[in-house]
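Next come two complexes, and both contain chain A; in the first it sits with chain B, in the second with chain C.
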Partner chain A sequence: MNKLNPGYKFLTLLIASLVLSITYNIRLNIVVFIVSFAATALTRSVNKKKLFLVLLPFFLTSAGLFMSGFLFSSADNIANVTAAAGERVVYVTSWDSALKLSSRVLAFGGIGILFALTTNSMDFIMSLMQQFRLPPKFAYGLLAAYHFFPVVRDEYEIVRSALAVRGIKAGPLSKKRFFPMLVHAFERSESIAMAMESRGFDSDAERGVAFSVPFGKIDFVFLFAVNAGVIAGIMLI
Partner chain B sequence: MRLENRVDEVSGQHVILSCRNLTFRYEENAPPVFENVSCAVKYGEAVVLAGPSGCGKSTLAYCLAGLYPEYAGTLTGELYIRNTAVSFLSPSQRARRISIMFQNPDNQFCMGRVDHEILFALENISYAGDMLARTRELLRLVGLEDAETAPIHSLSGGTKQKIALATAMATGAEALILDEPFANVDPKSCAELAKKLEIFNKNGLTLFIVDHKLDYWRPFLSRVMIMDRDGHITETDIYPSELERRKNAFTDRGLFFADEWLDGRTPLPSPKPEESAVVIKDLAVSYGGKQVFSSLSLEVMKGTITALIGGNGSGKSTLLLAIAGLIRFRGNLGVSSKVGLVFQNPRYQFLSQNVRDEILITLKNAHRSKPSKDDTAEAEALLVEFGLLRYADASPYILSQGQQRRLALLSMLAGSRPILLLDEPTYAQDEQATSFIMDLLQKRVSRGLTAIIATHDHALARAFANRILSLDDGTLSELK
Partner chain C sequence: MNSYIWKLRDIIMVSLLSIIFAVIYLGAVYFASFLGSVLTPVGLAPFGNEIVFGVWFMASTLAAYVMQKPGVAVVAEVLAALIEVLMGSMYGPMVFVAGIIQGVGAEIPFALGRYKKFNLTTMCLAATGSCIASFLWGFVRSGFGLLSIRLLAVMFLIRLMSSVIFSGVLCKSIGDGLAGTGLLKSYALGKSRG
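Let's look at the complex of A and B:
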């Protein structure tokens, strides 16, 4: 999975999600989830523990939606009463709508996880730049911002300590914490912009390619095969 | 615009970098940072521009690098790289001629990995050869061949500056401007970096260095220029052979000349009878998943200054955080009274929009009351003592580095905390600012304050500290 071109992989999965969103086919949703899960789990670089942790919220949401769809259905077809859960009357249609809702969460979740866990963020941005004409200004700007995160995390800790040592109480989202960080963020973005420019970064000039992201027939095959599969699934399953 | 090839009239050497009648203002109607500055740097020189903090020497460096006025302010006058006006060059053309190394090692990288950062620079100039091979070569030149794929944020300040150097060299620049490149780097890494720069200089790289300390540059500098507090360049060529003879040119302007300002300074005697202020026994601290110390013991007496010495990453800051009770630890740690901590970067400590409020917040917290007239009077008195009254209504963020550090120290002292921990209180400051802060501290210590200072500066420690402790590999040892 991680040998595919990230940009085309994104396009493929985006189209697949859109196609999937026009249908409420429960079995197809489940098939899509299983296939995505299998493809993710079989990719060698994916950390299996992480995969299960990431899946957990999707399962919970899916289960939650199932219960709400099941118990609070808007269906009014009294003829189809099948069972009683406690005091509540449950309809046959409730099963159906509950499964429709919950399986959708799993299908979209599966696709999202497949992309997120098998794609390197830098390769993805480089591929957007090389194959989808994202201007370098945005591409490298995004990368610089992305690499900010560890520094901001450290900074948050320092500000916390700095306030604590002065005996000032500030909640985790307090303005007092964010003010110094905001000032720094402004300064930092300016100095990174200056640094990029002094290393010769010029958004209008021709630039060499050091981070070439491979792109080939296999990416087209993937694009068509996956989407043909989903469309076939809608018609056949 | 092309001129004839500019040649220095006296030496006959080619001029690589020159400016004439430069005047820079941060805002249209503000007073100029510097006015009618002219200077020239010749091919292959290593020129040091010295000057007191806040005189405008870094601003001049940014102008010479072509970054100002694009990023800030307005500039008039002429500025040339070789014989081309800087404003006629695009960033990628400019980068092939001149590059800059910044003061703060954290804020100059766009990529996450060491090799990627260098490849990024090679991409920018459309490097024609094998980019990977060139990256390895540059990393070898700065001594980072083993760190090729390391994540940049996990590295020390000194290593980051080495990456910055390799990246600056990647564009093939003939001249390098350095804006106080050692301000956040420990002495060992400073010496290593200076050695690398010396080699690059010997191989033809022109250096224009902005710094207020000459120490590391003395072995190979070509000449020193001095900028005065008012932004005028008053000395343009003090040559290495004249340095000793001309040392007054530095000391009279509040600039360091070696460690001479410390001559004759000795620590205050420790008060008798001795009473302990901090007692630590078998302290164990893990920070960021790593064990920093496993069994550390220390006793600090009231009314003394203790210096903690050690390289980057030796755990000095972690020990201070533990004493201040800001991180979790195991073992016994007792303090006799409230502890204050002044961070290495004082800017993280500021809370308010102006300097006076900064002090009032601390006073209010210390007195646990609403701000009163007494507090205001007390705050003003403290601002006078610390030489900051003039800035009472200014934002803490516009103060110079030295003033910010004084303010951070003051905002801690105002809270009447009898134990004060200081993390690198003299970093990146000129002699005047350093002696100002150390004198203030010493005065408070003579009145009973207990201070623990983490520093790289052995000479400073010897001049002020009653005890010097070296922290290395998680163990403390006393230096005599």
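Let's look at the complex of A and C:
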């Protein structure tokens, strides 16, 4: 999985998701989830602990949608459900709908995890620039910001400590912490830009690349195979 | 001022902003799923999502408010979505499509004001634009057609309130606060403060 061109992998999975969104095929959604999960778990570079952590929230969401359907279906007579159970009734119009919605969360989630855990951010952005004509100014600007983010995060912690020293308690979303972080981010972006330009960064100049992102037939094969698979799934399953 | 040209400084600023908000977006995804599972026993799971929905438009309205240029709302939202996908959002690559749609939704009210009016009203209208666009997208993406109209109406109202509070009012006050520090001298928002 991590040998594929990241940009085309993204395009492939995006098209697959869009195709999936026209159908409510429960079995297909579950198959898509299992295949994505297997492909992710079998990729050697994937951190298994991270995989589990990422999986957790959408199992909860999927279960949430499912439970609502379950509660609803436990009402004996659908036609006679009164206002007492009202809020449940308005949620999903049937048990079947609940399954459709929750299986969809699983399918999209599986695809998302497959992409996120098998893709290196730097390769992805470089691929967008090299194969999808993202202007270098945006690609390198984004990369610079991306690699600078840990600094912003550290400063966020420093602000917390600084406030703690003064005996001020500030929660993670407190304005006292969030605001200085934004201020730092704005200062940083000015100085990063200045640093890049003073070192001769010029977006319009002819440029070579140090990291060439490989791109070949296999990526087209993947693009067509995955989407043919999904379309075949819609028709057959 | 109304130029389409992006300076490197603008790009890095919007990128950093988008990354910060991508982290917040992802946190909001987790929070929404937590809230949803708390509400599950009473069958109100989808409202967990609606309450926090306005948070997911914040990058676009804030960036647009600071830079006041065409396209900023879309670019900021798309970048934030892209990074959210990279960090492992449970909604997968579809977040990217949602990012484009929400960004365009926020962009329309700014465009109608010809990128000259940036006040509380346009900010709230931009938030409303995102809200409507994302709700329409919900019919395609999340199968809203399967839900009953009464539920949809309540969901829409909650989402609208959340949008206006987070992406309209809150983003404007953050932007004004930043302008107050004098840091934004080189951006439209800072200039308008003299």
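Everything below uses one rule, namely that the second predicted complex is superposed on the first by the 204 of 237 C-alpha atoms of A that agree within 3 Å, B and C clash if a C-alpha of one lies under 4 Å from a C-alpha of the other, contacts with A are read in each partner's own complex, and residues count from 1 in each chain.
We adopt the following convention: contacts are C-beta pairs under 8 Å (C-beta built on N, C-alpha and C of every residue); 3 or more make two chains touch, one makes a residue touch a chain.
Values in this document were obtained by computation on a predicted structure and should not be read as measured data.
Trainee: In the overlaid three-chain picture, which partner chain does A:I192 touch, first (chain B) or second (chain C), both, or neither?
Mentor: After superposition on chain A, A:I192 lies in contact with both partners, chain B and chain C.
Trainee: One more residue to check, A:F132. First (chain B), second (chain C), both or neither?
Mentor: Neither partner.
Trainee: Once chain A of both complexes is superposed, is A:Y146 in touch with chain B (first), chain C (second), both, or neither?
Mentor: It touches chain B and chain C both.
Trainee: Identify the partner contact of A:E206: answer first if only chain B is touched, second if only chain C is, both if each is, neither if none is.
Mentor: In the superposed model, A:E206 contacts chain B only, not chain C.
Trainee: Taking the superposition on A as described, I'd like to know which of chain B and chain C A:F224 touches: first, second, both or neither.
Mentor: A:F224 contacts neither chain B nor chain C.
Trainee: With the two complexes superposed on chain A, say which partner A:K176 touches: chain B (first), chain C (second), both, or neither.
Mentor: first
Trainee: Name the chain, either chain B or chain C, that contacts more residues of chain A.
Mentor: C
Trainee: After superposition on the shared chain, which partner residues are touched by A:I158: those of chain B (first), chain C (second), both, or neither?
Mentor: So A:I158 only meets chain B here.
Trainee: Tell me which partner A:R166 touches in the superposition: chain B (first), chain C (second), both or neither.
Mentor: first
Trainee: Which residues form the common part of the chain A surface touched by chain B and by chain C?
Mentor: 144, 146, 179, 183, 187-188, 190, 192-194, 196-197, 201
Trainee: Report the residues of chain A in contact with chain B in the complex, numbered from low to high.
Mentor: Result: residues 122, 140, 143-144, 146-147, 150-151, 155, 158-159, 161-168, 176, 179-180, 183-184, 187-188, 190-202, 204-211 of chain A touch chain B.
Trainee: Tell me, which parts of chain C touch chain A in their complex?
Mentor: Those in contact with chain A are residues 6-9, 11-13, 15-20, 29-30, 32-34, 36-37, 39-46, 48, 79, 83, 85-97, 140-143, 146-148, 150-151, 154, 174, 177-178, 181, 183-184, 186.
Trainee: Which part of chain B faces chain A closely enough to touch in the complex?
Mentor: 62, 65-67, 70-71, 90-92, 94-96, 99-100, 102, 104, 106-112, 116, 119-128, 131-132, 151-153, 167-168, 170-171, 321, 324, 326-327, 339-341, 343, 345, 347-351, 361-362, 365-366, 397, 411-412, 415
Trainee: Using the touch definition from the top, list the residues of chain A that touch chain C in their complex.
Mentor: 10, 13-14, 17-18, 21, 24, 50, 54, 57-58, 60-61, 63-65, 67-68, 71-72, 87-93, 97, 100-101, 104-105, 108-113, 115-117, 119, 121, 124, 137-138, 141-142, 144-146, 148-149, 152, 179, 181-183, 185-190, 192-194, 196-197, 201, 203
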